[in-house]
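In the two assemblies presented below, chain A is common to both, partnered first by chain B and then by chain C.
Moving on, here comes the complex of A and B:
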């Protein structure tokens, strides 16, 4: 914290960053590599990891991918200016839709997961439309409370299996199938959302986050855009829930628990909010870390909590923006001229 | 809680009395959270953890170190206040203004404290604090033990003290100054970081006070760390974040609603009533019953 007051840090974009910013990236291998390495390297790393991993760690990868998707759905909402403290609502909605369809009529997973994705997203959007006008912390509180109410209602009325939940659901035929679908879905959501945010549509969404009044003055119906963002995020969150339901062959009250609300937010805070790649990276760190700490028994959650604190204090901007800066820019100290 | 069966005026009166006690308990629990949020704008998600920290701390002082109750309570209140202040000084000061980071950091600390107690094995029924004095009084057709009666008196006295404190002392006035307009307060020479640290300390202290008077009624459980946070949040949202009168009004509404639903409808529905109340308030009047209306900040 203490540093020489006569110096300041100067940042300069690397020349290669400027050269590879557009179609000109195709001019040489060096430029192409510069753009591709940060995208391809993590995927290669995961592929190599799959080759050496035990079946247990492959299951962890599935859970990691689904948490990553949930974190991406959180980040899409944040990019639209809707802070959600209750991703468990989306997750749980997808889980219960898929679980109920499978339990009641025995539909296979390739039917229930798509239906739960669309249906769960639709239910979440419809239930949040009445409060779409709320901003900031007030919207956040609504999302925090909704899943808690749903848990209590399921407990009190004993619908959908009540406290015991629905177990004995059908699952994937092969472990490879499960792993492949989950990782592909993760990559698709990550790159799809990043792409979306770069288009004009994404610019409108970010405009709503930065200054909703001026977006209204531009003659754009922000409620319609917010509802669409909600549907996108809700569907993707529901996809994660539906997938996990089939992976665990169980759906019950824990899907609405606080864990699934906290984990995406923690991933986003660790990775860097509003960047989409950040939350994905955060999930790839936090979920395996939480599994690695499992050996410590009950002390695991303590370490996890402290880890979050240390991270938020040490790198408040998040890992991804930090790495991005280091990759794209030179940094050096210059003397302040008085 | 006494279980009555059948409908009778006596049952109604009894429920009213216990509803009153429940309301004061809610108000006590929410007061510290509300104070910190009202002054420095920090939603202290480690609040429930401070609550059980105070409870278990007092238990340790009493039983392991054999310190008498009248010394152990002030000591623990001071320690908890100190913990709150230090949390601000060393952690939250670096995150000021980044609301989500604040929430994550305080939640992380809370998680660490609560689960540390679980790890250390504080999960048995034997962990309970002694009541201040045994005995009970007969009021409104039911027997009310002294502890519950004391809580009511204590709650009223504490809110009175706080009212005087925030209006007639230098620190209290500085608190209100920062709460009303941080920049203007700065120009008057009020150090906003010091006041925020103090507000965290006061929040922690109030939380510890609530813990030592309420916990003799039940055993101290680790999970109370999460429940208390939720209760404090509920009361503050319904009353209006940062509004002291609103907190008291909201705790009476929620306290009575909870007790009456538990008595006439079943304990399952108690929490649902609370949560639905929060949803309704947020949807209809987001700033709470008595919170200051901030039209464009809350909805657009």
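Moving on, here comes the complex of A and C:
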């Protein structure tokens, strides 16, 4: 005798063919849209937002894009198995290189930002190469300490303006220029890194995260690959720092502050670690949220903290993996006989 | 040709604190030969594999591979010379699909050098290799993430990862451990095929019955020391081996 039929939710993944990102499988507009919509929709949303935003919120967008880039830099390192607690090192290095070049020789931003990107990345890589053999928490501790030490060195030796910092730096001519470059750089880093991790080169990086011994026994020098990942992440982090230096027309000790180490991690945790798109999405939520909460005064940090807690408890995998899963699944109810 | 020693191990010694995990171990291996290494638990078999493949530096002694000194050089360089190993614990790249696990060794500089500077279609080569070790081609198994594969497949994935390097000497560290009888008997032909291709094998095993059918020669370790060496039959009749396995009276 069967009891009342109950219902059960059944989930089915869409076919691999439709999910593949490669061009050759796209045979219809329907499939093309299926692939394009998740990529184009957020960009359209931001463009529409720009049209209605006040100048203040446009500045928030610049800061959001740079935090997003910093979060992407963090996530690239995590995808290679290097957990960093010191993105401020990359950010601050780029900021100081650009600030010094501009302050000392008056170089314009279109020269200092590229030089700071490459130079900052190189300096960060060289300073972390000795500890590349360390894994997990040991590497994390070193990265946490380095920016804090650098701040004290600047304070004690009074180089690069000491505690005062370097102010009166040149900035962008138009607000639109600043906003355009920052958003384009954000999109370029996001899609560039996503593409990179999909290649076989990116597979090797992910292999180092999953199991470094197997990569070694594949005859691949993991330290060389880790150094390359570090350079990529360092450069991109330095880019964010250099850009913000020119946006604020100031560089000083706060660029090595803990904020710039923690914010990328918070973005990644909210958005979903190791997916690259997740941390970018996280930054797009956290930075505007933080600004929107400014009206609340002292309660701002409380609300912000509560939001973080609720999100990490409700969607521990992160927003992006959650959305991605839902997007690629059919869901329907089936009757089951109990 | 066959007499050329591909691997010469002499007086390898390694101390871990107070434990001597390898004690003056010496042996030679001719090209195309298969050597089995057996011994009780903790007798230093895996340590020996780690010493040869460069993951651990020996305190004393030397390893020569194809006539070249490889003692103390980086393990990825040893792998590039054509010495490939599996790990006792199956160590796949859990996040990646099974066939993508092989793309990483196929990305190796050694594979590019051997195929004349070109890599070719790595995905297709990977799926061919998986078929060789018994992954069903016309199923979704090669496309499943390694994290959901059963243990038997992971062990064979380890073997395929090794073969992808086109090695000349293969060290199999307890390939059969944790496999069912059926899985072992389906893996044995794969290993026999590797042997027929002229590759040199070192097998570390606890499954003696299957091992003795495959290898030409057996070496027995106990407390890091070589206590016997010879054909499977000679070794089993040796008193030292009986004592190591069963204890003295």
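Assume the second predicted complex is superposed on the first by the 308 of 338 C-alpha atoms of A that agree within 3 Å, B and C clash if a C-alpha of one lies under 4 Å from a C-alpha of the other, contacts with A are read in each partner's own complex, and residues count from 1 in each chain.
As a convention for this text, a contact is a pair of C-beta atoms (placed from the backbone, for glycine too) under 8 Å apart; a residue touches a chain by one contact, two chains touch by 3 or more.
As the structure is a prediction and not an experimental result, all values here were calculated from the model.
Quick check on the superposed pair: does A:334 touch chain B, chain C, both, or neither? Answer first, second, both or neither.
Neither partner.
One more residue to check, A:146. First (chain B), second (chain C), both or neither?
Touch partner of A:146: chain B, not chain C.
Of the two partner chains, chain B (first) and chain C (second), which one does A:134 touch, if any: first, second, both, or neither?
In the superposed model, A:134 contacts chain B only, not chain C.
I want to verify the contact counts: of chain B and chain C, which reaches more residues of chain A?
Result: the larger residue contact count on chain A belongs to B.
Looking at the overlay, does A:262 come into contact with chain B only (first), chain C only (second), both, or neither?
First partner only.
Tell me the contact category for A:213 with respect to chain B and chain C: first, second, both or neither.
Both partners, chain B and chain C.
Could you look at A:295 and tell me whether it touches chain B, chain C, both or neither (first, second, both, neither)?
Neither partner.
Touching A:155, do we find chain B (first), chain C (second), both, or neither?
A:155: touches chain B, not chain C.
Scan A:203 for contacts with chain B and chain C and give back first, second, both or neither.
Touch status of A:203: second partner only.
Counting contacts the way the document defines them, which residues of chain A are shared by the two interfaces, the one with chain B and the one with chain C?
Touching chain B and chain C on chain A: residues 213, 216, 222.
Going by the contact rule at the top, pick out the chain B residues touching chain A in the complex.
Residues in contact with chain A: 91, 94-95, 98-101, 104-105, 107-112, 115-116, 118-119, 226, 230, 233, 237, 241, 266, 268-269, 271-272, 275-276, 278-279, 282-283, 286-287, 296-300.
In the complex, go through chain A and note every residue touching chain C.
These residues of chain A touch chain C: 16, 200-201, 203-204, 206-207, 209-211, 213-222.
If you look only at chain A, which of its residues touch chain B in the complex?
Going through chain A, the ones touching chain B are 83, 130-131, 133-138, 141-142, 145-146, 148-149, 152-153, 155-156, 212-213, 216, 222, 258, 262, 265-266, 269, 273, 297-299, 301-302, 304-309, 312-313, 316.
Any idea which chain C residues touch chain A in the complex?
53, 55, 74-77, 79-80, 84-85, 87, 91-96, 100, 103-105, 107-110, 122, 143, 161-162, 164-165
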